[in-house]
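Okay, structure first, notes after.
Order of writing sets the chain letters: A, B, C and D. Residues in each chain are counted from 1.
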Amino acid sequence: MQDVNQFKPKIVAFCCNWCSYAGADLAGTNRLQYPADVKIIRVPCSCRVNPMFILRAFQRGADGVILCGCHPGDCHYTTGNYYARRRMTLLFSMLDYLGIEKQRTRVEWVSAAEGAKFAATMNEFVAAVTQLGPNKRLEDLRCKN
Amino acid sequence: MQRIGVFVCWCGSNIAATVDVAAVSEALGHEPGVVFSTNYQYMCSEAGQNIIKNAIRDYQLTGIVVCSCSPRMHEATFRKTAASAGLNSYMVEIANIREQCSWIHKDKAQATEKAIILGRAAIAKVHLNAPLTAGESPVTKRALVIGGGIAGIQTALDIADAGFEVDIVEKQPTIGGKMTQIDKTFPTLDCAACILTPKMVDCAQNDKINIFAYSEVKEVKGFVGNFHVKINKKARYVDATKCTGCGECTEKCPMKKIPNEFNLGLDNRHAIYIPFAQAVPKVATIDPNACNMLKNGKCGLCAKVCSAGAIDYKQKDEIVEREYGAIVVATGYNPIKLDDYDEYAYSLSKDVVSSLEFERITNAAGPTGGTLLRPSDGKHPHTLVFVQCVGSRCSAEGKGKSYCSKICCMYTAKHAMLCREKYPDTEVYVFYIDVRSPGKNYDEFYRRAVEEYGVHYIKGQVGKVVPRSDGKLLVQGSDLLANEQVHIEADMVVLAAAIEPDKSARPLATMLTASMDTNDFFTEAHAKLRPVESPTAGIFLSGACQGPKDIPDTVAQAGAAASKVIGLLAKDKLTCNPCTAHSDEMMCNGCSSCEKVCPYGAISYVDKEFRMPNRTTAIRRVAVVNEAVCQGCGACTVACPSGAMDLKGFSNSQIMAEVDAICKM
Amino acid sequence: MQELMLAKAKELLQNGTVNRVLGWQAGEFVYDITPAVFESEQDLDAGFVYNEFCGNNLSKYLIKESRKEGKVLAFLKPCDTYSFNQLIKEHRIIRENVYVIGVPCEGKTDGETLKSKGVKGILGAKSEGDELIIDTLYGEQRLSKRDALTARCLTCKSKKHVVYDELLGEEGEEVPENHRFEEVEKLEAMTPDERFAFWRGELSRCIRCNACRNVCPACSCEKCVFDNPASGISQKAAADSFEENMFHIIRAFHVAGRCTDCGECSRVCPQNIPLHLLNRKFIKDIDAFYGEYQAGEDTESRAPLTNFTYDDVEPSIVYKGGKK
Amino acid sequence: MSKYDREQILRTSGVNVLKCMRCGKCSATCPSYDEMEYHPHQFVYMVEKGEIEPLLQSKSLYKCLSCFACVERCPRGVEPAKLVEAVRLQVIRQQGMNHLKPDDIPALLDDDLPQQAIVTALRKYSK
């Protein structure tokens, strides 16, 4: 069994249906390993991700949240990720301003062909969040078990 | 409360080898709302699907979760399975435990734990799923083609050939476009008019095709299958139904000094004119800026000589409203203005001409009757210099277009070759950066110009052209291969001007909510796989409006666009994506944030009366989503500050339920 | 000025241009100003004031007022006109139903600011050059403007109206050197731990009275997400530190690109939480990342969050900027 | 050495030689072409390849009139004249390598010399 003392972060990954979710599938098809701590939620487009979802994840105990979408210019809906880019830039900047560790949030553009990039990104992100330890600054104590 | 069934797939050993499938179905069976849970070797097989169908019936399931491969693989399969058992297909959720679990993990305990969590997230989502029905919208079986050049003509002919009605809107008095001005076509050197004019006549004679010449699109409303378009038929001051095109009026018209657009101002036309002999429709048009009768009320000669009584000085612009199922953009291109390239002395000397002007000078129907004569003194030129890439491939700010105009290499080779063929006493020089000749028989064509016709190709550019008082043009250029500067005393210089999209394209794109690149070329839905469709459903692209193209490419794309249109018009109804945005009008502020981020123009606003406390009413502006247009990206849902806008199938509460399930371990 | 405004209001009431007037009214104390609608000349004579304490931004009231019968006269200070314009842009105010008179403002004071400077028994105040002369029970007192003005007025961005039908008094100028981002910069220069401690200290005092939300001209939703059980984040009171944070983050995000920096949120906060520093952070970021943008400056331009350019900065800029 | 020179030249000129598409327009416009051993387009190409030594030795450096016609005309915004100038600077910065001493210039001036040439001369020789 795993070491009880070893911190296993909870990571929520929002992936757009057209590029990044397919990229994640490709990582699977190519059997590229990344930690089981990452759980993917499929959304139609990165622009569907409301800042509320990200805060909600932290509230419910997530230690890191990552948003993956099509590369700018490749959005299935032509412009969705441009809006997502602005929204997330401002949100992350605000979280940083409130003193919340900025390494807990990330946006990464992953195309349907970039299975390797998806796996590498997840490995990197999990490592960064593990380093930080449990999310204390945006936790909701009632949601801890 | 939903009654949920869970079906865990082994996928042979693909899943079962790393995920304890029995443990997963056991664990998920205890989740609230789950009334049935099982696992099977291949859920997507017929036997597997039967397990699902039987369970739906036996346990009166209201929702199902399939833990299997990626939804991109088999979501459609399981939706069909559910539907065949009488369950709404949008009550199905997939937990991806293969690509995103068993295939990427080695530790069975970890993978099993993750599979259970992914299953729980899917269950949490299904709890909040609601049955969705894909809407249908009817299709108006008529297409609109905007632009009557070779692209528009070919598209219209192909659509009409399939039995559908087509309207062509052309802003000039005649259809035909740029190709009418071209003399010969590469690489076969057949005459452009000989191959184009029969097609123009076909258009006019085809009873499925309706030509709105001298008209412009004013307004486009609606969506795929149901466009509503307003077309402005500009006043010609000639009754097109009466005019026979005899040309009597144009001969008698006293206003003779109007620069002739068709010959690019190289000669003159009358105030009442027919652009050229083969014009379609062959109807005279009065230029209101030149006609003395329209300007000052004096003259009226044309009305006197017209035996058909077609002249109508009181004619007004007329708005025609038409319904269409599909719209094809074929707005074409124009050569750029050359006035700013002062190094080539274009505006200083009449003998420095653009390539399109050169086409007119060599055309039998042109100002010189097809004899190559210098515009300045009408003398036969002996030395001609052609300069390529004028304004093309200029990435420096303000110098021109950054792209390659694609057609110039070939038409310059054509011009050079024709010069040498008709006038063996000429010396012809071509300054080039690269000769781009990919295409069937293209490189052979270019080589013929060099090898058979003795055209001098010089690798390098022209630095300056100085008109000399004796009428010669001093051309200074570089020959990079010889590493020397060359000086040529030329009689004529021909500039291969870059081409750019027609100016009407951008306002049109706004009307159509179709996207454009920074050069004002229309963007395609996918650069490789959907090259003739715009990202906006129901809008198709034909010809140079999408990017520089020669005639064969244009005709090919025109046919491709037509086949896409035919595919659309052949349907009686369009099924819509049911996962669309919808606005809760009780919460909507009417602030227009959602409308601004919608890439499809699917959101509009209405003033609606609401009941308020104490038997009062209030009128509020609220958003309405057109579900036939909405593609379900969800951009609006986040732009909305009040949370009135939500997305079916991916609602706020569904996504948050998934978040909760994943984080609760 | 007050006399001029009264005369104008009466004139417009009389000639039927408007049928009511939105202005300010003194409460029990002279510094206790409330917005009020006056329907007659008598009402105006009895209650209408415009003085050094009239800080309230009246724009938000026009959402409701402009939907009633007849035209309403609204007196707007320069900073109020930005909010007014923003609400026009969002189709919240019906422009035809409002007659806007721009009134000058040299910065306002309030009871609390004066009391903190030891002024008691306030009976009135008037501005004279760089000083504020305060009439008190104990005689006249003088304070420099720098001491007497509210914090938001000390960083005033503009004394120029962006919209009006008519102007009373002299038009002011924009204030380019307003230093309004200095406090934000101070916070940015701190370590994340210090920032976290700072904001915990501030936000933990929040009692969720919703005064900030109620006064904010940008927070004018028909139904707030926090009041909507279906939104998934509804809450009446913050249960713990997370919810205290969340309310203010979401609120700031919802008004990002729409907030005109009028400062009403901080003015009304009974706990004196510097809420404007959240909004200003967004404004500062927007200016830095996407080019200068002032909400409410016009009624046509796209707001930064409903706009984009192909070469916008990537979210990773957040990791590069600022201290660890 | 030549690698260092190349970096130095690229840095002082601010020119991106990779933008060049080899159209030769710079050399086509150059009024001093026949005087130069290496022509403007060759400067771009040779710097790109790192062939700096011949350029440093060449009299072409001083034949360039600094008229900036090539900069004005280049369709890709490469700015060859700035490159020539940077190479020249590279030479002048080595002690005693001045082609002319500033003091020598006045003697070479004659009354018919246009103003621009005087400015150019100072630009070239008095760094």
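Of note:
Quick note on the criterion: contacts are C-beta pairs under 8 Å (C-beta built on N, C-alpha and C of every residue); 3 or more make two chains touch, one makes a residue touch a chain.
A quick note: this is a predicted structure, and the numbers were derived from the prediction, not measured.
Placing every chain at the mean of its C-alpha atoms, the farthest one from chain C is found to be D. For chain pairs A-C and B-D, the one joined by more C-beta pairs in contact is A-C. Taking each chain's centre as the mean of its C-alpha atoms, chain C lies 60 Å from chain D. Averaged Cα coordinates give chain A a centre that lies 53 Å from the centre of chain D.
Work out the mean CA point of chain A and of chain C, and you get 36 Å between them.
If you average the CA atoms of chain B and of chain D, the two centres end up 47 Å from each other. Listed for chain C are residues 225, 231-232, 305-307, 310, each touching two or more other chains. Residue positions of chain A touching 2 or more other chains: 51-52, 56, 79, 83, 87.
A complete list of chain pairs in contact reads A-B, A-C, B-C, B-D.
Contact residues on chain A toward chain B in their complex (touch as defined above): 1-2, 10, 12, 17, 21-22, 24-29, 31-34, 36, 39-45, 47-53, 56-57, 60-62, 76-80, 83, 87, 119, 143, 145. Here chain B touches chain A in the complex through residues 70-72, 96, 98-101, 103-107, 109-111, 113-114, 117-118, 121, 515, 523, 535, 579, 597, 599, 631-635, 637-639, 647, 650, 652, 655-656, 658-660, 662-665, going by the rule given at the top. Across the complex, chain A meets chain C through its residues 51-52, 55-56, 58-59, 72-73, 79, 82-83, 85-103, 106-107, 137-142. Chain B makes touch with chain C in their complex at residues 518, 586-593, 596-597, 605, 618-621, 639, 641-644, 652-653, 656. Taken together, the chain B residues at the contact with chain D in this complex read 343, 389, 393-397, 399-400, 433, 459-464, 476-480, 483, 485.
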